[in-house]
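The structures considered in this document are given below.
One chain, chain A, appears in both complexes that follow, with chain B as partner in the first and chain C in the second.
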Partner chain A sequence: MKRIYVNEKWCLGCHLCEYYCAFANSGKDDMVKALKNITINPRIRIEEHNNISFAVSCRHCEEPLCVKSCISGALSVNDGIISINQDKCVGCFTCVLACPYGCVMPNDDGVMQKCELCTKNAGGQPYCVQGCPNKAIVFEER
Partner chain B sequence: MPIDFLYPNYEVVRDQSRCITCRVCERQCANNVHHLDKELNTMFSDESKCVNCHRCVSLCPTRALKIVKTDHTFKENANWTGEAIADVYRQAGTGGVLLASMGNPKPYPIYWDKMLINASQVTNPSIDPLREPMETKTFLGQKPSKIERDENGKLITKYKTPQLELSVPIMFSAMSYGSISYNAHESLARAASELKTFYNTGEGGLHKDFYRYGKNTIVQVASGRFGVHKGFLESCAAIEIKIGQGAKPGIGGHLPGTKIVGDISKTRMIPVGTDAISPAPHHDIYSIEDLRQLVFSLKEATEYKKPVIVKIAAVHNVAAIASGIARSGADIIAIDGYRGGTGAAPTRIRDNVGIPIELALASVDKRLRDEGIRGNVSVVIGGSIRNSADIVKAIALGADAVYIGTSALLALGCHLCRSCQSGKCNWGIATQRPELVRRLNPEIGYKRLVNLVTAWEHEIKEMMGGMGINSIEALRGNRLMLRGIGLNEKELSILGIKHAGE
Partner chain C sequence: MKYVIIGNSAGAVGCVEGIRQVDKDGEITIISNEPYHTYSRPLISYLLYGKTDEQRMKYRPDSFYEDNGVKTYLGKEAVSIDKDNKKVILNDGTEICYDKLLVATGSRPFVPPMDGLDKVENKFTFMTLDDAKALEKAINKDSNVLVIGAGLIGLKCVEGICDRVKHITVMDLAERILPSILDKDGSELVRKHIEKKGVEFILGDSVAQFTSANTAVSKNGLELSFDVLVVAVGVRPNVELVKDIGGEVGRGIVTDERCRTSIPDIYAAGDCTESMDITADQMRILALLPNAYMQGETAGITMAGGTKVYDKAIPMNAIGFFGYHIITAGSYDGEEYVKKDGDSYKKLVTRDDRLVGYILIGNVERAGIYTSLIREKRPLSSIDFDLIKEKPQLMAFSKRERAKTLGGMK
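This part shows the complex of A and B:
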């Protein structure tokens, strides 16, 4: 299955992936309209320290701890993609505790959100990958 | 010191209605132009630090930024331009030589743009390169002066002298590891290897990682002899002796100690932090006879298997100098015009020394033909080849191949802000700061170089086809394929071409 992989060697720490992610999942058709005057809450996050930086988003694990830990059945695996049904999520944060990568997080409405490889929005190919100026984030089969 | 204040030449214009304060401009600017005012949640820019490199403009996801030329002005004066005045202020303030980089930007004539290419109509059919074979393969090196046959009367077709085989008559010109980054070098090396052409190490040695691209590498021996050793000479396809460079003929080089870090110090074989100073002349070359000695010592060291190139800047007596070089045993002469780029040069030298490459090429080719020694050497030219038409014109004027430097850097992302000497290249090219070098991913860079040369190759074939020519050999020195436009008699006679309409 194609997954998002990160090569920290080429990550510039520009944070554009976060903004492209927030835009792709905003449901709006214009980046300015979507992101002007808001604090974004993206599903991909740059981790940085000194000169090292890299983007972290859901690894879509083969044996996902978040899915195992979900008490309401909101998280499930569909064709390898770990997706969330936000209508079922009760906001218990167990998945947040279980995920070793810190890639499940609450959205602005108190239920959880996570990277779903832009399969549920208009992004097409993951939007963070398209927006990365240095190919530090790639979407490929490995 | 308010007396030293000069209003910036360029202003950063931000469309606040589009800015989403993502801060990519701030994070990507090594000159610290942009900053976020957290209280107002608004981005501000300090244009006095801006070098106009467009990194922020290119990366802004909402296209909220543009850079404009300022309309701030001194009182209009055709003689004392704003630039001339500001330069005096700068030097009065510092007492220093003005530094600049990349090629001469002054409005001197560009002869490429004053030459037109021919095409066939009716009497000599043009050729469609998509349907018929079209040869761009080029061999550089000494050519036999007469036809030779073996004992059975068969033609001897194998060259006795070493040759460089290029699939297209385009090579990447000398840019040292030090003046440009590791990633820029890797991009050039990989592109040259994929394109079956050559790149040039410049004077700075060859990083150990790049020895594997050896068969597509030209190594340079210049006046500082940095990084030259037996393995270096043996690693390559050809050796270039650099006498001069188009951007700064007659002067040496100076890579500041701050850039001599880690691998660069190892590659140049000098201690960390020492200035790398290349003398103006080679102190062992004061005549053509001396040059001959170096040519042959390099040949001896490499068992006569590799062609030796001598690179000179285009200066007033270029034809006579080239004639000397052609008799020195060198296989290839490289001539660099006054528009050629550099990582740093004194502004006055860059802008006022040397001559246009078009005129230099025409006079060198003619001189070598007149003296019957054109076959002794191949002629490679550089110094602002901007597109495929420039190449076609250069070859028609008599060049065997061209070197491209600035165009190659543009393909890698350079925006010609001409601030290489600051060492803070935002595009990761002319810098050694790891966080900036990282911005040039060779995986992207080498493909862009391959794209550029491939596109130019297509265009060269189209133009050759239009002239009814199906091999680059038949175009070489074919000045009847060129006509001048807006040139005077003297210029036409130096270029050896007729005026349009003749």
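This part shows the complex of A and C:
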């Protein structure tokens, strides 16, 4: 299965992946309109310390502890992609307790969100990958 | 192969999904004394709170049994197991043969003997969908509710009904709320938050006697009046089916790391079992939905001839009240690192170069990174502990490790 991989040596720490993620999941077709005057809440997040930076998003684990731990049945695996049914989620945070990479977080309405590889928005290649100016984030089969 | 599962909640569903990873064709039968499609029991408080409904709280889609080739006996109770002839006997006399059997019978509310309790008509426990429905019928905007038990179940019940009743009093014998998961300071923070919603706590006290259908007197001499009583002091595992046929039972049904009981071809999972808490090196009942699922899955895979072990059990809880979140894991015996910051509270407990427990209140972001350190018994000397203390982050791990987890390096 194709997954998102990051190469921290090439990460510039520019945070563009975060903005592209927020745009892709905004439901709007214009990036400026989608992001103007808002605090973004992206599903991919940059970690930074000293001169190191890298992006972190859902690993789509083969042994997904978030799915196994989900108390409502909102998280499920479909063709290897871990997705969330936000209509079923009650925001109990058990997936936050379980995810070893810290990749599930609440959306602005208090239910959980996570990277779904842009399968539920415009589709095709994940937007964070498209938006990375230095190819530090790739979408590949390995 | 004939698989039979007694129970229809997380352990049972984990078992079905475990079996089907290995065996696509074997017959699976589920027996449950509840008449419902599999639903999430921990969501009953969210049901009363209005955050879900009966359709959305189903733990798996409507097509789950059909998709997995499962035959169901819902609303039927398994009354005994005939281990010699490998049959389960139901309350209507039906006999169901098995090759492999899973006991996932869960637990039941424990109602301690209390003087005069039989006088109280409006009394409830809070564990099943039927419990929630019955409680919902009994309450209204004018109700005064007395909840006995300030643990996870009692307080989630409080959250669920808070906006729908006039007043709630919570009483507990313990000096603090949520004593099973919180320390003194954390407990106080959460109590103050819940008190803001008008909930009254009476701690370090218990009911001495119910003097009428609507009144009680406490050990400390307080007189209490109420319209509705909820008893949520604890649960007891349903071990009888296994105990009655000589299976080994401690605090709960004893299983090995592949979820086998001491009786051949009988497995057990979930709240009816005890497991090895790797943070305390002792057998405990870890009655938690994620653990039940993972035990059930391990049992299912093993029953179908596959290989899987369940050997990383730890106590862990994510719980919240009125938007204030708490995540805890492990045990709290060791060296402590504590940080308070406004409404947020963090305690990390280490022992022998390991993180063995933590409490996060308020800011619970990325808590799973801490959980993973506990579960994997990660030596703290192999990571940057100062960074981890600051917040859960992958920056604390080596570049090489990140190249594997994030970079896909094998």
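Points to keep in mind about this one:
In this section, the second predicted complex is superposed on the first by the 141 of 142 C-alpha atoms of A that agree within 3 Å, B and C clash if a C-alpha of one lies under 4 Å from a C-alpha of the other, contacts with A are read in each partner's own complex, and residues count from 1 in each chain.
One rule holds for everything that comes next: contacts are C-beta pairs under 8 Å (C-beta built on N, C-alpha and C of every residue); 3 or more make two chains touch, one makes a residue touch a chain.
Here the structure is a predicted model, which means the values were calculated and not measured.
Superposition note: with chain A as the common reference, chain B and chain C can be accommodated side by side. Of the two partner chains placed by superposition, only chain C is touched by A:K88; chain B is not. Chain A is touched at more residues by one of its partners, and among chain B and chain C that partner is C. Contacts of A:G110 after superposition: chain C is touched, whereas chain B is not reached.
For the superposed model, the angle subtended at the Cα centre of chain A by chain B and chain C works out to 150 degrees in steps of 10.
In the superposition on chain A, no contact is made by A:V77 with either chain B or chain C.
Of the two partner chains placed by the overlay, only chain B lies in contact with A:P133; chain C stays clear of it. In the superposition on chain A, contact of A:H15 is made with chain B only, not with chain C.
Contacts of A:F54 after superposition: chain C is touched, whereas chain B is not reached.
Shared-chain residue A:G102: touches chain C; no touch with chain B.
Superposition on chain A leaves chain B and chain C with their closest Cα atoms 16 Å from each other.
Overlaid on A, the two complexes show chain B and chain C touching no common residue of chain A. Across the complex, chain A meets chain B through its residues 9-16, 19-20, 23, 31-32, 35-37, 51, 131, 133-136. Residues 10, 14, 40, 42-43, 46, 51-52, 56-61, 289-290, 293-294, 297, 316-320, 323, 325, 327, 329, 364-369, 371-372, 387, 392-395, 399, 402-403, 405-408 of chain C are the ones touching chain A in the complex. Taken in their complex, chain A has these residues touching chain C: 3, 5-8, 47-49, 52, 54-56, 59, 65-66, 68-69, 71-73, 87-88, 90-102, 104-105, 110, 140, 142. Of all residues in chain B, those touching chain A in their complex are 17-18, 20, 22-24, 27-28, 41, 58-59, 61-62, 434-435, 438-439, 441, 443-444.
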